[in-house]
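Both of the next two complexes hold subunit A, though its partner changes from subunit B to subunit C.
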Partner chain A sequence: MTDPSTPTPEGRSVIHDLGYRPYTGTRMPPATIARALVVTGFRNAFGLGRSGRSKILPFVLLALNLLPAVIVGGVAAFASLDELPIGYAEYASTTQVLLGIFVASQAPVLFSRDLRHGTIALYLARPLRSGAYALARWASLLAATLVFLVLPIVILYAVALLIELDVSDQTREAAKALGLAVLLALSLAGIAGLIASWSTRRGFAVVATIALLVIANGVVTVIQGISSESSGSTRVGEVAGLFSPYSLYRGLIGAWAGADTPTPPSSTGMELAYVAVFVGLSAACLVALVARYRREATS
Partner chain B sequence: MNRTLFRLSVQAVAGRRRGLVLLVVPVALLVLALVVKGLADGDTGLDATVGLGFSLALPLVALLASTAVLGPEVDDGSIVYLLSKPVSRHVIAVSKYAAAWLTTMLLGALPLGVVALVLDASEPGRAAALGVGGAVAGTVYSALFLGLAALTRHAVVIGLLYTLFWEGVLGSVLSGIRYLSVGAWGREVAHALSPLVGTADVGTVFAVVAALVVTLGSVWFTGDRLRSFTLRGDE
Partner chain C sequence: MGPVVRVEHLTKDYGAVLALDALTLDVGEGTTGLVGANGAGKSTLLKILLGLIPATGGRAEVLGHDVATEGAAVRAAVGYLPEHDCLPPDVSASDFVVHMAMMSGLPRVAARERAAEVLRHVGLAEERYRPMGGYSTGMKQKAKLAQALVHDPRLVLLDEPTNGLDPAAREEMLGLVRRIGHDFGIAVVVTSHLLGELERVSDNVVVLDGGRLLRASRTDEFLDATGALLVEVLGDDAHARMAAALTNAGVAVADRGSVLSVGATAEGLDVRDLVRDTASDLGLGLVRLQTDHRRIEDVFADEPEDAPVDRPAATSPAGGPPVAAPEPGPGGAAPTADASRRPGRHRRLEGAPGD
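Here is the complex of A and B:
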């Protein structure tokens, strides 16, 4: 036991040192703080640990997102189909509206509130670096998005196994869908987090994120639809697909998971470009996010 | 209608970043129109572009504008200073609605007509019909979303669910939803003015009456909600 009358050693005090009896227990490393922050953020994204009213929205969205999977599974079971009516990877593309609204509405919960109410100063006064704080928040949003994306795949996969479809086929398709889900979640979490940390007005951040995701996707869809009809210009559609996360996802499931989509990337180089843009977009958002919080910490 | 309130509401809509995002939507639509013009000729491009404007750009602009005139004030609690003024709450609602409506007309409905003109200048009648149809839908959308903003803090998300999920995803599967879809009423009015616009098949009379009822009802409801307003804390 250390003597409580000895002052805190130089450099050990964190914020206030009023000369009272210091804390002498073990101090957790920043990694522990970050982990706690990630877990709390993940729970908060679904409204757990917050008021009952804030649980309604994420769970209603989650339920709406899972409903088609349950229905499709039920139909496949009762009509004894020999394949699932919808592909694992196609599912997220069908319910992309709900996914977008979920990410856009829960990103401000994680990113805007601390900035708007000034509580960010309390976090940044702790040993955790501003960059680590940004990464922890982003990881929470990413995890929540992944839950949203992966649960339907799990339900469909479970149904597929229970009605005894070919295990190796189904596993391969489900694994592909999981990989694509990670790519989509990375980019969505990055974009939504970045916008929510820029605009701390909740409603505004939600509409700005949705406008960006949905309008970009709508514009790309129109261009792809037109270019797939005129035979000479499918190349235009392929390139246009690079400009929105949803169309990147759609292009990749068209190329890899055999989904029926207009103008999927037709060459290996184009597929690589799709993946590169996907990853690059996510990385750029993450770097901007870290920079945003570093500026907050130094200002 | 109160001039000062109207002016303040317009500032809230057009101010800073919100005004920028509001501008981005019609600009994106116009850019798309130019790209489509380069890619293909004929009606497919026009239908797709105008469809995007009707089902996405217009409701998004209306949602941004309507929630901007009420949402932030409710969020930070400064609405109590407005409500404590000796002005009828219904007048407050109508003034705020006027600001949201004007924005929706300029940045949501007008671009629809312009896009149609850009893509096919030989049919000014169709462009005008699309503009009027967009104006009808925009009038209803902005009233509906203003009512939502007065009702709940989650107005934005509920509005998005209505336009994207109810009208968009469910509307394409369950065709009966067209009777409860603001966008379909607008398209029906446009079809009545110019047969070149595809019909939404809900009946012109029904579309006009439904639009009127929802608009007047929503604006009255907003005033009524403001009359008995309780401020809740942040969640």
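Here is the complex of A and C:
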């Protein structure tokens, strides 16, 4: 170990011999820069390109999330079942706790970290605009969340093909699940990203996001449970479902993928309302994120 | 080639504070020091130059781009070293600088090459592969400087680059800043609250006060020789005896604490010989004999009216005798300048006016 505060003589001489060479190569347009930021952010969300310790949590969560799919697939293959024991879309609802922890814990990696350590100043001093930066960060989180949601579907679909279930049926169901996964990922990335961008403390962002997701879902579940017990008031449960991403997802898989969920939206209008809230929530979070970073840039 | 930075009637009104007050200023190639107390408008000026915050009035151009309308073009050609911490602790300097190069639009392969080269220039060796959380302040500053240089900017804005560094690291950082301006051919705007640093590294000094331009001129104009010699002797009651002997010989002497300021009125060489002989006769150790230069601090002491040019310059700055440490002219050999100025800095720490 050399003392870093003293100049190394060999370093000095090397510098002197080489001299400074200017860069004359190409410089990429902002779109390419944004893509590079998305890719780096996506890798960082899984701890790649960061310290070894930061890889543990995302990969443990991912493994836990995939484990049921692998087991279910194995059982289905051995027992030669004539349908998958769990629906593609239902899967995410079953493992929603893991999903919530993943999104809540990795959103701060993409959002709080730059604010906490002041790195945001370096990004803002570069060609990318603050809005583009916010979008790129959000896209990284969305991509990471999608990986988390889509991988089990892929595994289950592969199993379904291996045990020779009806291909067109399975493809249709898997495609539906993919569409729903995108809706869920959009809203989760929006909410978690927004919370993380308001908090420079990682722990606070994690707790706040999980609390919001769990509490909102818990309240909605209780209301839906009560309203499904008492006949004639299922409407209340349907409306309550609009107030949490997980219950929105549950409602839509109940309506579209035939999953057994309490008080799914019963009319087309209500289904549209569910989709509208899903998309609107995501868009609102995104707009707030962009506004947040625009303010950060000019403060 | 036009000025690197052109600022015309730039005003920034935060409502409660008027950060910049119709500032008009041209910054050329080379190294420019930006001086001012806290709240003088330095950081606001840098942020406007980066196109990050809009000015209330007036306009600013950086490298020929209007900062208000072509902010992205400005930021692509400018490197920025912020004053505060800005490094993620769990990433290595190598990875981080590569990433920052790509954020400036360099393709991945070129970014890797440039990052390795720049990290070598700033003097980060093997430690570049370690996470930056474990770095000393000096290493962090080097990493920050590397990310500011990695995309080969035409101008770097360095906000207090020596902040928090120990003396050795400070010397190294100042050497780097000097090299960026002189050897790399990149224009530098550097802020510091330590005037002694700026007088060593910058070609031009801009003094801001309350958002207005107090003064902008070449550093050597700030630092004209005063025509006096600084003498330091060792021994019993050395300074008093030396001063008495020199006064008897008909030379004006002023005791300035740790040193004597001796007026070099007649021929400079005679006075130097006289000092040497007097010290020898009295049996005192002659520690230092050097031409006294004005310091940037004196400009503040003199401001606003007193112009520095009308001071008598008895000794030419470039032609000092061997005993005295020769002061280099503008653009003189850097190592000599560093070596010869260092004692002066120590003296300043002990006896700075108004300190």
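We take it that the second predicted complex is superposed on the first by the 275 of 299 C-alpha atoms of A that agree within 3 Å, B and C clash if a C-alpha of one lies under 4 Å from a C-alpha of the other, contacts with A are read in each partner's own complex, and residues count from 1 in each chain.
The rule we apply is simple: contacts are C-beta pairs under 8 Å (C-beta built on N, C-alpha and C of every residue); 3 or more make two chains touch, one makes a residue touch a chain.
Since the model is a prediction, treat every value here as computed from it, not as a measurement.
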**Request:** Could you look at A:S51 and tell me whether it touches subunit B, subunit C, both or neither (first, second, both, neither)?
**Result:** both
* To do: May I ask you to decide whether A:R126 touches subunit B, subunit C, both, or neither, giving the answer as first, second, both or neither?
  => second
- prompt: Which partner does A:A143 reach: the first (subunit B), the second (subunit C), both, or neither?
  reply: neither
Contacts for A:V207 in the overlay, against subunit B (first) and subunit C (second): which applies, first, second, both or neither? first
Exercise for review: Scan A:I223 for contacts with subunit B and subunit C and give back first, second, both or neither.
Suggested key: first
Inset, instruction - Return first, second, both or neither, reflecting whether A:V70 touches subunit B, subunit C, both chains, or no partner chain. - result: neither
Quick one: is A:S105 in contact with subunit B, with subunit C, with both, or with neither? Answer first, second, both or neither. first
Checklist line | Partner chain in contact with A:M28 - subunit B first, subunit C second, else both or neither | finding: second
Dual-contact residues of subunit A, meaning touching subunit B and subunit C, are 50-51, 53-54, 113, 117
Within the complex, subunit A is touched by subunit C residues 50, 52-54, 72-73, 75-76, 78, 80, 82, 84-91, 95, 99-100, 102-108, 110, 114, 117, 120-121, 123, 125, 127, 131, 135-136, 138-139, 147, 151-152, 165-166, 168-169, 171-172, 175, 179, 183-185
Given the complex, residues on subunit A that touch subunit B span 50-51, 53-54, 57, 64, 95, 97-98, 100-101, 104-105, 113, 117, 199, 201-204, 206-208, 210-211, 214-216, 218-219, 221-223, 225-227, 229-230, 233, 236
In the complex, subunit A touches subunit C at residues 4-8, 11-12, 14-15, 18-23, 25-30, 32-33, 36-37, 40, 49-51, 53-54, 113-114, 117-119, 121-129, 297-298
The subunit B residues in contact with subunit A across the complex are 17-18, 21, 24-25, 28, 31-32, 35-36, 39-40, 44-45, 48-49, 52, 56-57, 60, 63-64, 67-68, 71-72, 75, 154-157, 160-161, 164-165, 168-169, 234-235
